[in-house]
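Chain nomenclature is as follows: A, B, C and D, assigned in order of appearance, with residue numbering initiated at 1 for each chain independently.
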Amino acid sequence: MNIELGRPKEHCGIVGIYGVEDAARDVYFGLFALQHRGQESAGISSAYGKYIFTRADMGLIPAVFDEEDITKLVGDMAIGHTRYSTYGGSKKEYCQPVSLDKNLVLAHNGNLPITKPLEDFLDSKGIDWNNCNDTMLMYKAINYNLKRGSGLSDAVEQIYHLVDGVYACIAMTAREFVVFQDRCAIKPLCMGKVGKSGYIFASETCALDTIGAKFTEEIKPGEMLVLKDNKMRRKQVTAGDLKRDSWEFVYFARPDSVMLGRSIGIVRLTLGKLLAQQYPTDADIVIGVPNSGTTASIGYAQESGIPWQEGLIKNNYIGRTFIQPNKRSELVRLKLNPIEEIISGKRIVLVDDSIVRGTTTPKVINILRNKGAREVHMRIPAPPYKWPDYYGTDTPIQEGLIAAKNSEEEIRKFIGADSLRYLSFEATIRAIGLPENQLSTSWFTGVYPIPIGELANNIKGLKTNA
Amino acid sequence: MNIELGRPKEHCGIVGIYGVEDAARDVYFGLFALQHRGQESAGISSAYGKYIFTRADMGLIPAVFDEEDITKLVGDMAIGHTRYSTYGGSKKEYCQPVSLDKNLVLAHNGNLPITKPLEDFLDSKGIDWNNCNDTMLMYKAINYNLKRGSGLSDAVEQIYHLVDGVYACIAMTAREFVVFQDRCAIKPLCMGKVGKSGYIFASETCALDTIGAKFTEEIKPGEMLVLKDNKMRRKQVTAGDLKRDSWEFVYFARPDSVMLGRSIGIVRLTLGKLLAQQYPTDADIVIGVPNSGTTASIGYAQESGIPWQEGLIKNNYIGRTFIQPNKRSELVRLKLNPIEEIISGKRIVLVDDSIVRGTTTPKVINILRNKGAREVHMRIPAPPYKWPDYYGTDTPIQEGLIAAKNSEEEIRKFIGADSLRYLSFEATIRAIGLPENQLSTSWFTGVYPIPIGELANNIKGLKTNA
Amino acid sequence: MNIELGRPKEHCGIVGIYGVEDAARDVYFGLFALQHRGQESAGISSAYGKYIFTRADMGLIPAVFDEEDITKLVGDMAIGHTRYSTYGGSKKEYCQPVSLDKNLVLAHNGNLPITKPLEDFLDSKGIDWNNCNDTMLMYKAINYNLKRGSGLSDAVEQIYHLVDGVYACIAMTAREFVVFQDRCAIKPLCMGKVGKSGYIFASETCALDTIGAKFTEEIKPGEMLVLKDNKMRRKQVTAGDLKRDSWEFVYFARPDSVMLGRSIGIVRLTLGKLLAQQYPTDADIVIGVPNSGTTASIGYAQESGIPWQEGLIKNNYIGRTFIQPNKRSELVRLKLNPIEEIISGKRIVLVDDSIVRGTTTPKVINILRNKGAREVHMRIPAPPYKWPDYYGTDTPIQEGLIAAKNSEEEIRKFIGADSLRYLSFEATIRAIGLPENQLSTSWFTGVYPIPIGELANNIKGLKTNA
Amino acid sequence: MNIELGRPKEHCGIVGIYGVEDAARDVYFGLFALQHRGQESAGISSAYGKYIFTRADMGLIPAVFDEEDITKLVGDMAIGHTRYSTYGGSKKEYCQPVSLDKNLVLAHNGNLPITKPLEDFLDSKGIDWNNCNDTMLMYKAINYNLKRGSGLSDAVEQIYHLVDGVYACIAMTAREFVVFQDRCAIKPLCMGKVGKSGYIFASETCALDTIGAKFTEEIKPGEMLVLKDNKMRRKQVTAGDLKRDSWEFVYFARPDSVMLGRSIGIVRLTLGKLLAQQYPTDADIVIGVPNSGTTASIGYAQESGIPWQEGLIKNNYIGRTFIQPNKRSELVRLKLNPIEEIISGKRIVLVDDSIVRGTTTPKVINILRNKGAREVHMRIPAPPYKWPDYYGTDTPIQEGLIAAKNSEEEIRKFIGADSLRYLSFEATIRAIGLPENQLSTSWFTGVYPIPIGELANNIKGLKTNA
């Protein structure tokens, strides 16, 4: 199998602050709240006078920045980025904010499935784009416009026709600060007020909470916000058609964030409750796989009346270890350890947010059985993950998705559960609480609201649910 | 106030493995399971041929070791240490295993309240002990004996009369591996089998689980185990009188560990249940302060029938940040963020493991009130923390302990709760499930089973509960 | 022997640039030319807008700064410092420029033998000065004045009466740049023009050459130069009495520097020539100990007609190694290696700049004898080094100076030479080419132009040559 | 111009020690003496028991190793390598000793112009060799033989027929230590005794001097030395035909080394003397470009009677700086600074070892003229460098060699000298003092004793001098 997956892909969190003294310091704390959106690299750029200052490197946020670094990121506006490369780009040169040139920085959350128009544009201008990832392509096109004399907002606007992809972005020169969303607003980006006259923009509201900012609204699909000379201007650059990634509600976002008016924690509790309604189980305890399955498992327990128990303890200090274990199979044990007294002899409802590749779930079930679980009933608070994501998740190859080619019964056997049930698509949408047509549900339906171009070749021969 | 707190104090986790190929690799994974016992520095020593190899540094375990480091720690026996300095010793020179000399390494969990006999001994031998912490004093005394020709086990045994303190230790030369406990076994240390002929020793059983080892028993008070030439010899060096630190059950140990036959998770659930029995509350939801209060809060909810909710979300990526926040008060928000939809309008039972200094609790309650909590009823699944700990916790000054000088009502007012209740001492002992005379309960009773010498001057004028 | 040597001492190079775009970059290259004046730590501060940026650390200049560091040191004025601690201060906290506060940075070359008036001043203002070295004391006093509202130049001027020591300094706030000399100008500091309107100040002229600057003059004793708003103002703060350290000509300065109108290289050639006149030798070749003895040895050869040879090769890559050699005696061999074919069978005149402690010279002579040297006649192009230096050199203890207590014959025996001759004091002064009363010659005469206070206790019982 | 230069090329120094306690420590000091043969990366491997330990990284030797590193490199045999990549290989993965597998390490000085036979061999065994440089190809072939059961010496011997290139190598397993030379011994490798029973092997004798070892002889062309169980066995693996790189005498080796019985320092003095005989000059002073031209310039002065002067001072602290200068042309000034008083008004004979690309020489002459030199007569103590080197030097492209396409008069004009003279080929050979047929002189004659295969395409259209 020789699959062409295109350019490096990534999953990210972004923060930008305008009009606040020592803005970089606040960006740092906001970024911390978004560490779950990317643990591979982090970066912050600030602007003061005619200069832009940037610090970015591989590593978790506390490893990248020390007090001296933050102190040097002077100025009243700053942007930050935290990144997890989902495919092909775990390199220092891909750290963001991109700062190839002294005059411009760009933080981007998203992916561009189709990049040909951008490449052609750069070719026509004689600009080399080898070794560029998506963000660097956008950067170079914006920077070309900037250098030809456009202001930053015009420079950004001029590339919209070249870039029909997924992007929630913040760009900054020493004078101007521009926030912009793709036409579907697939990736989240919200706005808040800091103090009397400052603004914050962030992927999730939990970043606002961290610095005591007050949420005001979400950036609209196709919208651009321009902050300059302490004034904000908004413009609808292209027609918007909201298609928020439904996976944000199920998995990506933190439970303490609010998105499009919906509390993520409440959505997940509801997913669990509806799952209990659809698939009641005769069992002794409910356990969630921490941390991703925890909230829905609580919902399942509340609705079913079966006691919820902390049966699996997660080692919270595990970020990433690169030490080769003596016996590979024990890596899951390093992260998840059972409490035998809770599990032994019990019929267990086990809730996890999803079964994507099927590599972890069988090991978790095996751990429970080794500690004496009598029965393990797997319950997933979402429909099967059938279609690859080309907008950011770490699932670009459909072959690797266990639900793409296997029936539920085949999956049940593979993971070793006594039973397996997925929440229905309809119930999932109901729990999210937004109209289905405002959501991107490609992972289940195979319908991609932003075209994926040649990447579709990877998924030929499969039918969409739509 | 000019309090003399003596030598640096610390809280630690230790692991040792004997008779297993590439022992250091297994020690690494075992140590990972003990990261909660010390996040400040980490180290591993291994022995091969006539050499001992050591790698130790400040930082979390994954920051200290890379694959190359582990590969270089060759040999069939190894010991590891993870450390948190609770007072005066956050320095690289205090990293363990101590390896001042090429021929000996020592990993120590505990503290020596009285060091005069050791110092006198070293003085009499002309050995300089300036700038030594407790562990280095022990190390130098053992090493003196070793160099005079004693084997390691004899060298260790010869210092028992000099050291009536708290120590769960593993010492290693290139030929010999010695595990030893103080006469009260205040700090935990257990043993397990690795494969057919290997042994593991660790502070908690969760470290055994990580590498698939099988727990066999706990090291007895005053016991020494000597592993040499693939044989194990056990010796009762001094009369044992078990006084395990009760705080291990309430706070230190991981819920997935088993100690003295008791599942820590079950103990904490029971603490919560007994608390609900003693102090039922008219409330809408139960919330735990994650992660330390989580398990007991679940017990409270189960017993009371009040729904348990995940109302506070912890940022799990926070290890330590050294960046100064713009507004100090927001640091708690960086770690704990509420879900408004769960909290708003609710009467809340809030459970945390303890109120030690009273710095965090008022902020947490304030966060809940800001999100609309109608009432906050604080419930502590243990008696008040009244007496300083001189055996390891970060509480050496009684002045700083809010319960030392304030009544429950004063504390309630200070933290801003609608009500405050502590579990009774008797119920706490009942939940732990061990005879009271096998526990050290100095933090509540002021009775110190291992003498604390001049440190007692810090607590003059207060009466013990005993 | 319990000698009190007072505060840490150091030997340094400084550079400052005003009115040049990206000044820090030029400071970097200028500093590189002064690396011989301090290899232990390096630092640069720049100022832009209302901020001062500083990067300083232990290590050689290329190890301390990378391109990113220099890029971040923005602004049109900058100061740099390279440091070698001669006594008691090899610590990161003593790196310069001192930047304890955000608003002020200070680079200092020199030492203050008497600090009591400064300490009393700080005490009277309630300012803690524990753990301060000389420079930090000066810094804190200047900063106190600055915060009370003085401009930087006034703040500096106000401390002159407190500081009768050795200092060639550059201080900088975000708006002002002040260069100042002690009343004797013991340490060198010169000025040059950069481009049309920029200024450079540096310890030696070789730093000016590196960036193509044009030397204009030396800073006068007791003079202060104030650069602000692109104007320069000069002021004689205190009466000047030039006493330049004569050791600069003999040893410290680079041969390609010019000081007080005298080429250092020509001075050293002349020292060698006068030595040959005073002490002609019947020998086959002249060899210098590289690099410090090289230039004078060439002069000796030229004057005597004896062929000069490169008989000892220096390993130029040796900065510092901290690896313990297997056999201590070989460390000199690591640095100096002889060419046997040049040395064997020869009667050698060996020239080195000085014999200070007598630790290296015997080893060098031994190396030559091992390679077959028939005779070794040691010739020193300066008088014996008899008195400790309290102004900066690494010679604070008179006991350690071999010439303080030994006759020439005793020294000759100790170093193992066939003969030993020192250039006369008169000839040394003649070679330097400046009036004797404009030089500090304490190392030979015991006359200290700047009072050394209680440090004089270290040298009691010895008579001055004066 | 699209030149195919083949695999990465490099210039290196190697050291190996057998039968000495803590061999790595001695290797470290020996390596230090060879730092001039490679400043880009350094590495040491040692063997003890069944393990091999390696530490290798980018950087100068003192930056790569600290005391802890050396302490961990235990055992009685060790090899070291210092490397400068001359083309295409400045990457960490190319650091040596190569240690791709745990059981084998290899240190290689040289280059393989033809690698097809090796690649075919690896292909036939199914071994991937993508991204391998020359040394890694050799390593993989040796390791294949080793794993099939050959002892190390057999494994090495079995690849001789695949590798007709340039290599002076040391390979080591945990039990065996093998030194081997290519059939021409193009690169130097000598042997010495350490103490009573130890051996040292090194690229130059100066490495032996550093640790007090006694030189015994050079490794012969085509010879292999096998050290095992404390015995040494020697074998002539292939017919030898000595062709030592003549450039070692002119430029590479340190003046304090002895090679093939000839003192490098004396050879260079003689080159200068013969140059003075062939091309006497009417001038006031002789100056060498430090450090490479120094020794020959002294010879020129001695023979001509014109005084030698230190007119250009080199900044010895310049290893490498990666800071971009403000004005490119000043980089030479950073390294070389003139003494005006010596140069001004003088007619100067300027001696440098060679003019390879012609980038530095014009700048040096310009510096002299700016300081008032009246005439500058360039004298090169070797013939013109006309042909690219494919054995290691940084001169793979003939286009870049100024003497390849320009006449002496054209070069003189380009560098701006008043006259230019090269020493004749015959005199150069005479100074070296070895028969011409024992030398490789490809850089002047175009005759390559080891075939260069397709690399010859780079030099088509030019005639050899042979």
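The working rule: a contact is a pair of C-beta atoms (placed from the backbone, for glycine too) under 8 Å apart; a residue touches a chain by one contact, two chains touch by 3 or more.
This structure is a prediction, so every number in the text was calculated from the model and none was measured.
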Out of curiosity, which chains are bumping into both chain A and chain B? none
On the document's contact criterion, could you list the chains that touch chain B and likewise touch chain C? A, D
Interface copy of A-B among C-D, B-D or A-C, with over half of contact pairs matching by residue number, is C-D
Quick check: how many Å separate the C-alpha centres of chain B and chain D? 57
When the centre of a chain is set as the mean of its C-alpha atoms, what distance in Å lies between chain A and chain D? 53
Calculate how many whole Å lie between the centre of chain C and the centre of chain D, each centre taken as the average of the chain's C-alpha atoms. 36
Which chain A residues sit where two or more other chains touch them? none
All pairs of touching chains, each written as two labels joined by a dash: A-B, A-C, B-D, C-D
Residue set of chain C touching chain D in the complex reads 22, 25-26, 28-29, 32-33, 35-36, 39, 60-63, 65-67, 70, 206, 209-212, 254-256, 258, 263, 265-266, 291, 294-295, 298, 302, 307-310, 313, 315-327, 330, 333-334, 337-342
Using the touch definition up top, name the residues of chain C that touch chain A in the complex. 48-49, 51, 53, 72, 74
